[in-house]
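Letters A, B, C and D mark the chains in the order given here, with residues in each chain numbered from 1 onward.
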Amino acid sequence: MKKIINDPAAVVAQSLQGMAAAHPDVLRVRTDPAVVVRADAPVAGKVAVVSGGGSGHEPLHGGFVGAGMLAAAVPGAVFTSPTPDAVQAAIEETNGGAGVLLVVKNYTGDVLNFETAAELAGLDGVDVRSVIVDDDVAVKDSTHTAGRRGVGGTVLLEKIVGAAAEQGADLDRCEELARRVVSRVRSMGMALTAPTVPHAGQPSFDLADGEMEIGIGIHGEPGRARVPLTSADDIVRQLLEPILEDLPFTSGDEVLLFTNSMGGTPLLELYLAHGIAERLLAERGIRVRRRLVGPYITSLEMQGMSLTLLKLDDELTELWDAPVHTAALHW
Amino acid sequence: MGCTAQDVIAALRAGAATVTEHRDELIELDRVIGDADHGENMARGFRAVAAKIDTSAPETPGAVLKLCATVLISTVGGASGPLYGTAFLRAAAAVGDAPELDGAAVAKAVQAGLEGVVARGRAEVGDKTMVDALTPAVEAAKNAAESGEGPAKVLAAAAEAAQQGAEATEPLVARKGRASYLGERSAGHIDPGARSTALLLSAFAEAAGGR
Amino acid sequence: MKKIINDPAAVVAQSLQGMAAAHPDVLRVRTDPAVVVRADAPVAGKVAVVSGGGSGHEPLHGGFVGAGMLAAAVPGAVFTSPTPDAVQAAIEETNGGAGVLLVVKNYTGDVLNFETAAELAGLDGVDVRSVIVDDDVAVKDSTHTAGRRGVGGTVLLEKIVGAAAEQGADLDRCEELARRVVSRVRSMGMALTAPTVPHAGQPSFDLADGEMEIGIGIHGEPGRARVPLTSADDIVRQLLEPILEDLPFTSGDEVLLFTNSMGGTPLLELYLAHGIAERLLAERGIRVRRRLVGPYITSLEMQGMSLTLLKLDDELTELWDAPVHTAALHW
Amino acid sequence: MGCTAQDVIAALRAGAATVTEHRDELIELDRVIGDADHGENMARGFRAVAAKIDTSAPETPGAVLKLCATVLISTVGGASGPLYGTAFLRAAAAVGDAPELDGAAVAKAVQAGLEGVVARGRAEVGDKTMVDALTPAVEAAKNAAESGEGPAKVLAAAAEAAQQGAEATEPLVARKGRASYLGERSAGHIDPGARSTALLLSAFAEAAGGR
């Protein structure tokens, strides 16, 4: 295992220390349990949008804490959802009296731990709502299974709902907006290499030269299928088509296109893939109105990418454009 | 003959030892069809349980189980944290404040644990989860208790059935938990949570029999 | 070789297409020769700060094109400095009448190609100056050698001088500021893995498990020494000490600390390393007034990091804080 | 007997063929002590030279060399682009507008090329660069020309000396170019630019002798 770390068990805590040092104007880090909180929390009278999950997906979620996006992020151990008491601590730190919206990626662990925290905070009289993000079209949706994973759509949702909260939207409206984003966003990812979880010490899967995993998530779980590594043109097509079919997205739609690196794929390749996606969408008459390109929801050092498409309307577009002041997104 | 608070504490210590010992095996099982953290999660949680037991001294079996539950909930995270946490919480509720547990009480505790896992995780037998280990364990424990066995034998029967249940997850296609994302590719591997359930029950049985 | 590309020979051109698509409000891309130009260039009456070099270091330099930073970036082939005609094209596209400052990283190829372009543009009556950045303390400085490499300091210089140009500073002042930054900035880097140049198809060097290269540059050249992989604490110390000794930086100094990922090192590790650097500096009485943490000058997918320290004064600090509107830096 | 524009064109075509053929070898040499692009740079540049020669038809050896220079300068980049470009530019200047080159003119052209490289790159013999191949090549070419040899023999002498010079870079510690960043670790490897110089001269010699 090749990593710049000290003790594998201390990675998350030590990384949070560094993050706090790097962004004193944006956020603060509270420890035991660990929570990343925006510097000026709680903001009186505003809804606090709170998210979290296992670490290893940086900048998600801590990098999105700050004005116009998340009030707090709850980082678990690497790839392990945080415990309810950590989520409760985040709720306590950020509740400004207007309620708290929990943004939960649809993984059994996240759902259960956040649910428990919401219940407990509800008992304390805090108005807490949860929205579950499940945008990964690689996973067949079914009531008999754990359902789809929450992936890239989470970033877009956090930005948009965070902007609404910053503008003073109440909890009902924030919740409605969040559900609207969930209903209009779809993603799919692929990997060229596997990540190595620090406490595991070896790659999460073994992939031969000339192979790729298609339909992967963000936790180093293998994907739906192992297929031969092909050209960027073909890879982008393999990611985009299931997304377009699923919602579906059709000619005339206006979208936000989010081309995401899983961590190890450099910008040189990512922009190349983004250009292909733009071209394929143009060919289908789908208009890309906004875009986000970069490593925003990652899986440690995994090489690979995901595409996320959000069907925009004017309101979502305005909220996307609204100012944001976080470590990872800033405009 | 019955199982006291001290016995439950000893069982949990044995459980902590076994998940620590099998940490890498559980990580490896989870690496193949999940996210490679189950062994770390269980080791972290039970290390905390063992530490907490050392500093507090709950006086009934139920209080010990409840302490274990709350420590697991606040230290494990992931899917297994709330699931095991709820299992121990329900087991604690099932045994009430009895000072000693007989075989029947132990069997009831295991059953309450399963019900807790199902209530939270909504998995059915065959979904390739810890439910596949716990369900036959409950059945075996009940039969042993009905034959008049004490805690040690009841737990031994449960452990054996759980291990068989865990092994039987190997050919299954997962429908719950992280392995479900793999679809057909999840077949051919034992579920890590089912294996940890079998390991824990086996450690409890040994501790109970080792008096 | 595992990359999301089509033809290795077309990587840079296709990547630039995607970049243009991704940031239409910030920049445009001109082809044959390839130049990334800020959307509103030429800006009349303002100095154009232009940089460039081989591709593969993204976001450097194209990601820094935009208001408040670079007027243009000239991307060569991967790890190959661009040709003089490309630099000339950038000068033509951006010269708003107040002259052009070329920011050149100190590599023989970059120096020769930019020098030639400057000469030719000078013949056309454009006031062109060049500043050479050579901040890498891993290389022994000597007049008998190629001298030190330009690395992380380049990013800081481009931001600071770009801000001055945006504020209307004249060419003399921009040049003076650039030289001031060069005189006050030092860097050092290390690698855990090697990058793979697309047209080469195999890693630039082979590094066993448990080994790292210390004193590397940004082109996949091996470093000064191959040493056992140690703890993050030790790695950061090995990078920081030569930097501190070189300038030297001493107690009471105020600095900008730039913790840079070489591409493949995830934020989780990078923040961890950043926290250590902050602590070591605090122990020495050096005050970190500003920080930049992220993958800003990379070497394709190489895992590793570099540290850059810039001795601040009030003027440099103000220019660092000034607004910037580029693909990679935005505030 | 003398070397015409057509001969120079043929020589450059042979040069293009040889750097294309040895592209991977040059990449590998540069990978070990540089940045793995020298073979790609040379192949790209000379491919462009060959293409340009096909479409334009310079009428003197000097004009061909100048065309080669400008194409290299605008397509190679890196350190080798301006260095080789300047070499050919100076060679072109040295031969003026003579319609044919004899052995002495060829030797003067090689010498002018070296002077161009040194003027731009300021490397000395022993710095582990293409100068280490060109310097003995100039000496050998001059001797051959002084013995009255024609272009083919002059180039053959230059090529052989260049190859020896290239091989002699192996033990050297680089002081110029990218390999200098490696310090002592640069020893033990042949300099890629010295090797490409030897390859080009050898192709030129063969083309000149092959009439």
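What we mean here is this: a residue touches a chain if its C-beta (ideal position, glycine included) is under 8 Å from a C-beta of that chain, and two chains touch if they have at least 3 such contacts.
Just so it is clear, the model here is predicted, and its values are computed rather than measured.
Asks: Would you mind checking which chain's C-alpha centre is most distant from the centre of subunit C?
Replies: B
Asks: With chain centres defined as C-alpha means, what is the inter-centre distance between subunit B and subunit C in Å?
Replies: Result: the chain centres lie 54 Å from each other.
Asks: Can you work out the whole-Å distance between the CA centroids of subunit C and subunit D?
Replies: About 32 Å separates the centre of subunit C from that of subunit D.
Asks: Residue numbers in subunit A touching 2 or more other chains?
Replies: 78
Asks: If a residue has to touch 2 or more other chains to count, which residues of subunit B qualify?
Replies: Correct list: empty.
Asks: If each chain is a node and each touching pair an edge, is that a line, ring, star, complete or other?
Replies: Here the contact pattern is a line, an open path with two ends.
Asks: Can you name every pair of chains that touch?
Replies: A-B, A-C, C-D
Asks: Can you list the subunit C residues touching subunit D in their complex?
Replies: Touch list, subunit C to subunit D: 33, 54, 76-85, 107-109, 112-113, 116, 138-140, 144-146, 149, 197, 199-200, 202, 204-205, 217, 219-225.
Asks: Would you mind writing out the residues of subunit D in touch with subunit C in their complex?
Replies: Residues 27, 31-37, 40-41, 44, 73-83, 120-121, 175-183, 185.
Asks: Tell me, which parts of subunit C touch subunit A in their complex?
Replies: Interface residues on the subunit C side: 1-6, 11-12, 14-22, 55-56, 58-59, 63, 78, 192-193, 209, 212, 229, 231-233, 235, 259, 263-276, 278, 288, 291, 293, 295, 298, 300-301, 303, 305, 330-331.
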